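Each of the two complexes below includes chain A, the first together with chain B, the second together with chain C.
Here is the complex of A and B:
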């Protein structure tokens, strides 16, 4: 009885209030949808979702910024860890899902898709992502990951009348299942050895109990047996599973197809939230349970990072479709972020500089990506999947504010000063130099130069005069006539843009963390 | 914050404010637009000239302004403005050329004039900031400020092939900028000075010795990064094509001022901080510089279009600046700074005059212009003066620069080969410069010109055209007849900073760093 009481006291449900209220909100959204009669009410469920997430974000920021709940603490028998880094990731996901909801609202309305279910799925996925980043145990890890994945499968195929969307949904399902299988196999291998180390010829760690699921126990096991073959295989499989999620080579094949077919807000959600979660998890793993194997992991990750950077950038150059191009450029960004992960492994344990740099990069990526995807979402193209360069011809004249936002967003992705993306890249360069990752650094520099080609190729269409129009030309479809012009979206996108510019010039006291 | 620092800050901020106003479409009235344009482009000019006159040579920087909470303070990056003996003449030069380019733009009658002026003002603010910043990070940042408008302006208002050229120039410049950024980051991380600016870096470097091999690598990064930005020989192809296609004001600002970024970086950062590495790289640099002078010079001779001839000529003359830096002596580097100032003015003037001739003849082909001099004597005068300046005849600033560089090459017996080959370059530039003048302004009137004359009456330079041209020309003449106006302060600054260099030169081998010791240490470490 005593033992159970101790467990029960450890279950601090209050610490999980953002996730719990998010799930509650998701249920209310679906409830509003269910019990309302006219389609009018569907809009209302969307508005509720936006307002709810906005308030939640505000309260959460207040909670950890003002009340300073920033020290590290564990709950649920050590399955969940709360702390500053985890809280920052939580607000990152809340912000991202709020923006996705706002972008989706008019997108869904224009295309006459169901509204309530979309918000329900994004909110549940976000709750899953938030748990995923705090977990310290592989059981919970896998459950959270599958929650997220199950929400993403229907989201990717949300537009059921779009053939490309269905194709993307199937592809995402198959590749997602494959990655889960790899991950699960890796977890099982670690668990198998961890449960009975001697049977597999490994040394039983002297500290702590042996539990093949808990991160802290695995840390001891792996650091005692850094050369054990089964453990190595398990670690590689787990990292492969995560590489699928973040779209790192050689597991990036699904990225262009899925980005291509998914509805625009979902593409943005995938690009930002899903990738950020993957990186934070990777960071947690390589600095937590896998820290003992860093001699083995560093060359592996270095190879993956370099390969990812080159593959993403070179493949993006030849793309005609903008969503595919953005997907592949996202692959390249995954490569850059991988360098930050490697740097965090090399820097001594007390310094979390690389982690802060990773956060800064993720936030700048969020600002820039949502600005770009937001503008693409309001374009009035006949098929959402087919965004071509030509749709953006001379946008600067047709819609100056949209063109300006796109220019800033793309510039920030490309890392052009004075935008926030440049500061992110600069910090990455500096930390890579400090940790002597010269090879990856060179790959990054070359990658950035290659990326100028496709990013500026797009800018060229936006800013410069189009080809002269001849009389016998077929009348071209103008994608910007009658495009959605909702005030809320405009405000959100412009504030993202302003944040991108301000963070590029002035970081204020955030900079003390670097 | 006193009046002078306000002027310095204002020369950066006022163009930005102006450009925002232009972007939003204000002022709507055309007359008012012109007046506001004069103000916005005039302010950096006035600030540059006033600060140039008020500058007092002292140890280090004048008119300093420091704000250290910009955000990257942990990396030692602060917002730090100030002028020293090398930057103050360049700052004034940027102001003068910027005003000239601004005036040319205001009266250019381009379509979408608001956007054009806005981008140009933005570019100008970057140029002023570049020479005014002490902090190396902001020095780099302001360079990029100026670069982005270049891309857009070439793309929108450029000439033939503008779309592909705009992309080409951006890729080249980003490559150069990123390589030099790599070098700067390396310096930042290796030296770990409390502040990422020149004085702190050099004092920190005096304490922490960088291994010779590392220093060589870092210098190589800086050399080729900055070199690409200045169109050093094998990486020069973007420059001439770019200037050829760019609208006049952009060519003036880019070829005249922005391209000096790389040279300025080499002179202010790379060579004084890593003198031994500079010395060992110098043969490479000199051979490449000869490539600029001879090969690009010959390409310039082959041009038939006036504007491309000027573009190739400007790339060619960068070779002399590189030679001056490669000479690794106080005299050579001081003369290179002088040539930078003079070249910035003269090349801007040439581009300006080229656009005036184009306005009258509707072509850049020199063979179709023949005999223009009779109809437009004033334009011919200016053009001849600018050409003579470019060639480097006494009386213009370029002469002192090139003369000093040749002297510095002659100082050392190692450099005699370079001296002889480089002197041949003078002949090349005389060939293409004088031949262009004779083709355009003298001889019989060409058929094409007579057709143009029939269509519209050819007028000589108007008042609005005369103003920027005479402004730039008088600055050139001032340096030419009274070189001391800038040479004293350049000399003091360089002397103070390069005291170790002359020692290296006289011994023919790195003096202040005992190479053998360092290498033996390196070798012995692993065995311990």
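Here is the complex of A and C:
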């Protein structure tokens, strides 16, 4: 009994209260949905989900900013780390899932899709993402990753009446499962050598316990044996599995198709939360267990980053479908963020400047992406998957507030000076220069210049009327006449826009980096 | 007398993973692609148990249960999506998909 008590005392369940209450809330949502008698698409459960997540975010921020500052603790026998970075990411995911729920509410209502299940899946996925960012053990890592993936597959194919959505769901499932299998194979190779190093010709580390799954034990193992073949293969496989999730080249094939077919709020969720989780995990791994192999990993990541930036930007130029274009521009953003990860590998410590710049960039990306996807979600186009440039023609006259939000969102994604995205890119450039990543820096600058081309093509459609109008034209379908005008969505999008502008002018302590 | 060493089991597992990966690339039937994925995961299970046996360490055996559960869940979702798509398009071949293009 005594022996078990030691482990039980180490399990700080109270520290996991945001995840636990999110799962509880998800169950309540599905319960309300199950036991309410009225029609399919009534939205009581959705309203509850939004209110619940809002309160949870408020309490979590209060708890994190004011009550508790005891960071850097490990619990569950070292499986979970409670730290400052982890808490920032938890707030990030809660915020993003709250915005996704708000955007989805009216989107689902207009299209007569079921509401409760959507919020349930979103909340469970968010709980999985939050655990994923705190884990320090590959078993928990795998389980959290699969929780997230299994929630995303049905979300992508949420509209079962739409063949495009189903096709996107199947594509995402096949590629996601393949990437999980590769990642798992890498984990198994590391575990195999870690469990008995001598049997596979590696040196047993002198410090730390023998454990093939925990990050700290693997750190010692990898720094003692940086040239072991099985370990190298394992690390490469794990990195490629994560590259799949963040959509980095050469594993980006699924991105345009899945973004194209998924419903708009899910596209936004994928673009923001899933990508941010991938980057945080990558950062954790290269600064934690894989730190001993940085000489081997740096050229690899550098190649991937450069390839990703060029591929994403060049492929986005030729797209006519806006969702595909945004997906490929997201690939390019993944390339920029990869450079921040490389810089943080070069800078010493796991909480250096590059890490904070990565966080800042992720937050600006969240603000801009949700503004853009939110406006696209309220457009009343006949097919949600097909947003063309011409649907946005002359938006500035038809709906000034929507046009303004779109312009700010796109400008922030492109990195135009008074907006937050510009500061994010500037900080990235400066840290890449500081760590002497000149090659990647050049690629980033060229990429940003290319990206101006396709972003501004869209801006031109919004602000001006690029095509002449003739008297005998067929009256085309106007996507903005019947578009919905929910007050809540308008408030949320406008506050995202204001935050984008404010962060472009004032950055708090991050701004001291200049 | 030939003895079966851990290396043989590893060879088997790498073969299973390789066959699964190849099947995923070559097959045009989504049902068979899902089966190839299962084959890969089972190959990984064999490798995991071999490593666990060589290392006298039970952690690997625990991960195997998680992998089996996840594989079952993944296939359940995959088949559900496939059935829904089949009702719409009357096909399970990946060549016949292609609604998503520029």
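The definition used in the following text is that the second predicted complex is superposed on the first by the 498 of 514 C-alpha atoms of A that agree within 3 Å, B and C clash if a C-alpha of one lies under 4 Å from a C-alpha of the other, contacts with A are read in each partner's own complex, and residues count from 1 in each chain.
Here is the rule we go by: a contact is a pair of C-beta atoms (placed from the backbone, for glycine too) under 8 Å apart; a residue touches a chain by one contact, two chains touch by 3 or more.
Being a predicted model, the structure only gives us computed values, none of them experimental.
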item: Touched partner set for A:164, first chain B, second chain C, both or neither; value: second
item: Partner chain(s) touched by A:139 [first = chain B, second = chain C, both, neither]; value: second
item: Touching partner for A:188 - first (chain B), second (chain C), both, neither; value: second
item: Partner chain in contact with A:456 - chain B first, chain C second, else both or neither; value: first
item: Partner chain(s) touched by A:211 [first = chain B, second = chain C, both, neither]; value: second
item: Superposed model, chain A: greater residue contact from chain B or chain C; value: C
item: Chain B versus chain C as contact partner of A:319, first or second or both or neither; value: second
item: Chain C contact footprint on chain A (complex, rising order); value: 139, 142-143, 146, 149-150, 153-154, 157, 160, 163-164, 166-171, 173-174, 177-178, 180-181, 184-185, 187-189, 191-192, 194-196, 199, 210-213, 256-257, 260-261, 318-321, 324, 385
item: Residues of chain B defined as touching chain A within the complex; value: 69-75, 140-141, 144-145, 148, 151-152, 155-156, 162-163, 166-167, 170-171, 174-175, 178-179, 181-182, 185-186, 188-189
item: Chain A contact footprint on chain C (complex, rising order); value: 6, 17, 20, 24, 30, 33-34, 37, 40-41, 44, 47-48, 50-52, 54-57, 59-60, 62-63, 66-67, 70, 73-74, 77-78, 80-82, 84-85, 88-89, 97, 99-100, 102
item: Complex contacts: residues of chain A adjacent to chain B; value: 411, 416-418, 422-423, 426, 429-430, 433-434, 441, 445, 448-449, 452-453, 456-457, 459-460, 463-465, 505-514
